[in-house]
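Next come two complexes, and both contain subunit A; in the first it sits with subunit B, in the second with subunit C.
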Partner chain A sequence: MEITSLNKAFEQKRSGSATLGTFEEQNWSSFDQWGLPALKHEEWKYTRIRTLFKEGMLVDGAVSSLSEETIHQHFLPGELAANAVVFVNGIYQSALSHYTAGTDQLIVKSLETAAGDEDADFVKKHLGHSQQYHKDGINALNGAFAAGGVFIRAKKGKQVVDPVVIYHFSDSTTGFRFSQPRILVHAEAASELQILETYIRIGSEESLTNEVIEICAETDAHVHYVKLQNEGTGASHTGTTHIRQLGRCTTHAVTITLSGMLVRNNLNMIMEAANSESHMYGLYLLNGKTLADNHTIVDNQMPNCLSNELYKGIMDEESTGVFNGKIFVRQDAQKTNAYQSNKNILIGNQSSANTKPQLEIFADDVKCSHGCTVGKLDENALFYLKARGIPDDKAKALLLHAFAVDVLDQIKSDAIRAYADQLISERLSYSE
Partner chain B sequence: MLKIDNLQARIEEKEILKGINLEIKPGEVHAIMGPNGSGKSTLASVLAGREDYEVTGGSVDFLGKDLLEMAPEDRAKEGLFLAFQYPVEIPGVSTTNFIKTAVNEKRKYQGLEPLDAAQFLKTMKEKMQLVQINQSLLSRSLNEGFSGGEKKRNEIFQMAMLEPKLGILDETDSGLDIDALRIVANGVNQLRSKDNAFLVVTHYQRLLDYIVPDFVHVLYNGKIVRSGTKELALELEEKGYDFIKAELEATTA
Partner chain C sequence: MAEEQEDILEQVTTSEYKYGFVTAIEADEAPKGLTEDTVRFISAKKNEPEWLLEYRLKSYRQWLKMEEPQWPNVTYPKIDFQDIIYYSAPKQKISPKSLDEIDPELRKTFEKLGISLDEQKRISGVAVDAVMDSISVATTFKEELSKVGVIFCSMSEAVQEHPELVKKYLGSVVPATDNYFSALNAAVFSDGSFCYIPKGVRCPMELSTYFRINAANTGQFERTLIVAEEGSYVSYLEGCTAPQRDENQLHAAVVELVAMEKAEIKYSTVQNWYPGDKEGKGGIYNFVTKRGICAGDHAKISWTQVETGSSVTWKYPSVILKGDYSIGEFYSVAVTNNFQQADTGTKMVHLGKNTRSRIVSKGISAGKSQNSYRGLVSVSKNADNARNFSQCDSMLLGDKCGAHTFPYIEVKNNSAVVEHEATTSKIGEDQIFYCNQRGMDTETAVALIINGFAKEVMNQLPMEFAVEAQKLLAISLEGSVG
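Then we have the complex of A and B:
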């Protein structure tokens, strides 16, 4: 599709929001300038994002025929008490959302509202920070449609007990759906917040979700973020999770990808305060022709920080896993400890893995380690299990599950972990 | 129970088993001794169904079935058990779950209902006693970080849980301290019955003081070159393998 006609299609849908208008305008001109990334763009060389943009794609988020009943049917299993934030086609739906936490702990409101009330200064200051790291049309295009997004704030010193589960519904019953959710999260000092994002495509046509979530954690905040992708083969995704540590704190991110057509996850940990800790875990369990591309950035800016990163991939059939892990250690970030590891198992004859660490170190007193492996299932282990009477397929499933489990174990919420584990066990067609 | 006839096997291009003949009847214990690299573990692996080895000749009959035609998991379910010389560490697989899966797979094969949690626990407690293995060990990942002796004990514990018809013990005694050796040997002795049999690979007479074999065989250079009763083990202990090697050279010369 010609970028000019694409631009026209988008141009007509501009919101003209009173509070977010300027932000959108700036992003629109950036998008105009950069366009969609092509394969020759170094950061996108495995991921053909342009071909996903199609003539006639449904870009108007407001139009949906999904009933409340349908939405609720797709909520996570009942035992999971949660603050449910619902997006449909990239637009926050307050009427479909509900909260177990009181407003003394948790504030959720539309981004447009937040940009014009007591949170306006915060929004102005932090919305769009991720673009410094992603100077490409994909991030800007999301910014140009920021209205319809959501603002979430965990209040100072408060523990939000139940996770905030953000459901992204895409209604592709009538055509190729393009959704662009935008989220800004403020975890105030000493607050505790768990976030789960999950994606549901309803309808048989394909879809593309282009998301940006920016999370700011203040001093002593604990932010635990999980992204769970199991949207089915017709769904593509480009998303950026941008986590800033504004004060000394600890942040976790776990990204689990189980299906999709083309999935691109950017995860950034921006470590702006001394003595902070960040953990990044990822699991991609792929089959069919799925391509999952995880690009992570850890930006160490201040001294005495620890970052730990472990991504694991299992590729079956013709699937492809891509991992790119960038670590910056800036000049002031002395005594940084940064660990990175990416392990892949190829099961499918036509599957592949691409893995690349990228370390850019400008401080001299740092400890960095990185390693990546691409291999097959351990034959000795497999034989050991079979020699005890465990059939081949079950033995393989056991070993793959064992490979995945140290990422799975990093999910803090028991209910979410159990749910993810169930999906994975079912996928491996193995249950205990 | 087991009849090995002129079994030959190789790995890559290297001939390792060069015509093994051995018959084991129910109720019997056979010991195999032999110098390092003579093919003892290879024989055990071939019997258990390891695919790295290519069987180039001969046959093996196990309880009336062609053993070499069966997948490793089916051999196990038919009642063959190999206690590994080097048990594999498998992080992320809990020992208890693994044993439960193995026990229930075998039961399924035999047309039995799977054991429920309570029954399984009961059986496990009994067998734990038998080899005096610690509960805390079983709640860890399979063999992960186990000491050499703990791994061997875990092998015998699994054997007790699976109640095989033929137990093949590949150097289960190496790495065991004196007490553990006695405990493990006792465990094996208690599992002995007129219906099952054991093939014990060892380098040391010491083990055979506890597990008294009916027959002792010497495997040398891929062949069983000498068979006898338990006295043969004593003789080997005393003289080493040199006298056998010398005798062999004399006959081939």
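Then we have the complex of A and C:
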């Protein structure tokens, strides 16, 4: 696939850092080799990504017209505004970002800077690990434009109290915007870090964000990650969240998808140390023609680990929900407990759900289970509420909200949970 | 105790395949390799009508254009399709009128397998259409069946005597273009069973076929077609054992079931092809396409399978639920040992309204084997109130084997209710301890637990088969299962 603006953008930019320069070159040639995944690609069976790429799309490097004021308008209130990492069109903007957490706790700098200072070795070693799990053009394409990314480090033994909120702005006022943010996070030993990623599209044209975030957690670290997608119907998204447990630790990810045109989330938990714990929760609440595709991988490599996964979906109107959850239990990962559950409710007459829970187990002393359901709202519960004088739409909203709360409750930060709950409540109290 | 368990597993892995023997009968063979001439040779040998030859040639040309599937979770050396003999028939001068006329060598083979024809005929009341290599050598109880109008004969006989039925239904459920191996089968199928149950008839006995692979280097391409007319019922049994071989053999069968309104077909399989030795050498490649269609309302198709053999299995008995209120069922026990690989499961395609399906799959892996469940439950836009329940459980014996599940669920109707659950575990030490405490040795305990694990499926087998299935489980996991 040849897109002139893409080629031109790659030709024009040259990263000053040798590490990043080589990394980008390698990714660009991988992208050249693999191309964009077609429906024939098993991992992209339900999601047609190729048609999103258009000639003339605005590729990053182009100057943004967004003013500081516009950006600040979209900051979330209260403690969620404390640490703001701002990306505009996939490029990290240090001038627009700010942090209340001191540099003794939290370091945020551009990936380019990190590749040249005391974090250089770390960047060199860990950047691009996700590609081992995603041998497709999408991941490589992001890697080819990695230099605009950001590096975040939570310092050893420190708790970053307020969540680090990463704002991804896409300026699509003048045309189809293609942004490719890249993030590398290092949670040092015994640190605690909460991350919220949120996406804002400004302008009436369509947009596509192709993101890769790689998080490395060391011994005794606690990482809570939340991805909140409510970008509107014109916005598409392909993103990979790749979480590695380098030492014994606990990681936690919650993905909430409320709107979009085509949304594809890859979430990987690579459990490389014994006695670790990982939790993955997801909620997709869809309407219109939205397609949300969640692909998750849990890779249990070492013994005595626990992983738990719960994804819930509500599909209204003509929306489609896709869930593909892979659990690998490698031969050394004895005594693994791995659980997975995916529950879907179809409301819309034209809605559909495709789900594929997948277990691949190579160790014998394990307890693994998965379950998935597709169904409608419980008639009896609905009748019960209506018999008590609650109108039909309210009763439905109540039941759906209760269905969604299981996932919402898993968000550790009160501020983030309250914000997400507010968005969901607004969506559910629909009037028909 | 762990040691003891290892001993048992050791015994399991070292047990030899009991049914490995070769019957020395002269065979009438086609030359090695596959060309249009081979297809014409087979067709001519069987004295087939023009339309069937055309069908075969069309399928062959289609096959040339297709590629061998790479997606199953199995690995095996590439098959050289030119190194296979596509037609091999035991030489017999005239077709036998009674069992006494059958080659005594041939009959001994069946006796070794414990399915002696006369015994079957006298005692068990089961009609046996014994398939030795590719040609049907004897059909018993045919007369009794024909009294009620049931046609049960070999496929080549059906082509001669009931061409209109064969022409109507052959390839209607599994088209030649369906997949690589079904295309191959359609081009070179040698023989198989044909069964037709007329309207309103309840087939008075269980029908069964025994498949055997006998001559060296002979791929076996069976074709089975069962048609159940309105309101009829038939229970069909299929069992396989194959002699020990060093070279890999290919088995690419196609089974088609057609159930009309209110008809019911119950298809049971016990599969015990040669699984290869404990180094993973030899064994049968079992690449089978099985599919049934509930063409009318209230029809029901039920697949039950016990898979213990073959070095590589690739098999997904499916049901297309086209009629309203139709029912599809799939019960499976798959046991893999040593270097066996199984990628098996089912497809339930809900098209009609108020259709129901149920899937119960039990996988047991031992040695260095890989056992995969791969299934599809699809609910189309118009399949209102479709209901599915799937359960697939895996048990691992030993730490070098693998168990995998790949369930695809695609729902396009908001009134459907689909459930899927799967678990993977091993035999708990506490369970064995509990049994030991009560005076059972570990071997008996393992047997008890495995039997309990597979019971839900075993219960679905007809009486005649349940005994044999238990025997096969015992052989496959010898030492741990009684």
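By definition in this document, the second predicted complex is superposed on the first by the 404 of 432 C-alpha atoms of A that agree within 3 Å, B and C clash if a C-alpha of one lies under 4 Å from a C-alpha of the other, contacts with A are read in each partner's own complex, and residues count from 1 in each chain.
Just so it is clear, a contact is a pair of C-beta atoms (placed from the backbone, for glycine too) under 8 Å apart; a residue touches a chain by one contact, two chains touch by 3 or more.
This is a predicted model, so every value here is computed, not measured.
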Touched partner set for A:369, first subunit B, second subunit C, both or neither: second
Touching partner for A:361 - first (subunit B), second (subunit C), both, neither: second
Touching partner for A:394 - first (subunit B), second (subunit C), both, neither: first
First (subunit B), second (subunit C), both or neither touched by A:353: second
Which of subunit B and subunit C A:417 touches, first, second, both or neither: neither
Residues of subunit A touched, compared between subunit B and subunit C (which is higher): C
First, second, both or neither for A:383, with subunit B first and subunit C second: first
Contact residues of subunit A, present in both the subunit B and the subunit C interface: none
Subunit A contact footprint on subunit C (complex, rising order): 71, 379, 381, 394, 396-426
Subunit A to subunit C touching residues, read off their complex: 42, 315, 331, 334, 344, 346-376
Interface residues, subunit A side, partner subunit B - complex: 378-381, 383-392, 394-395, 398-399, 401-406, 432
Interfacial residue positions of subunit B with respect to subunit A in the complex: 48-52, 71-73, 75-77, 82, 84, 87-88, 90-93, 97-99, 101-102, 105-106, 109, 141, 158, 162
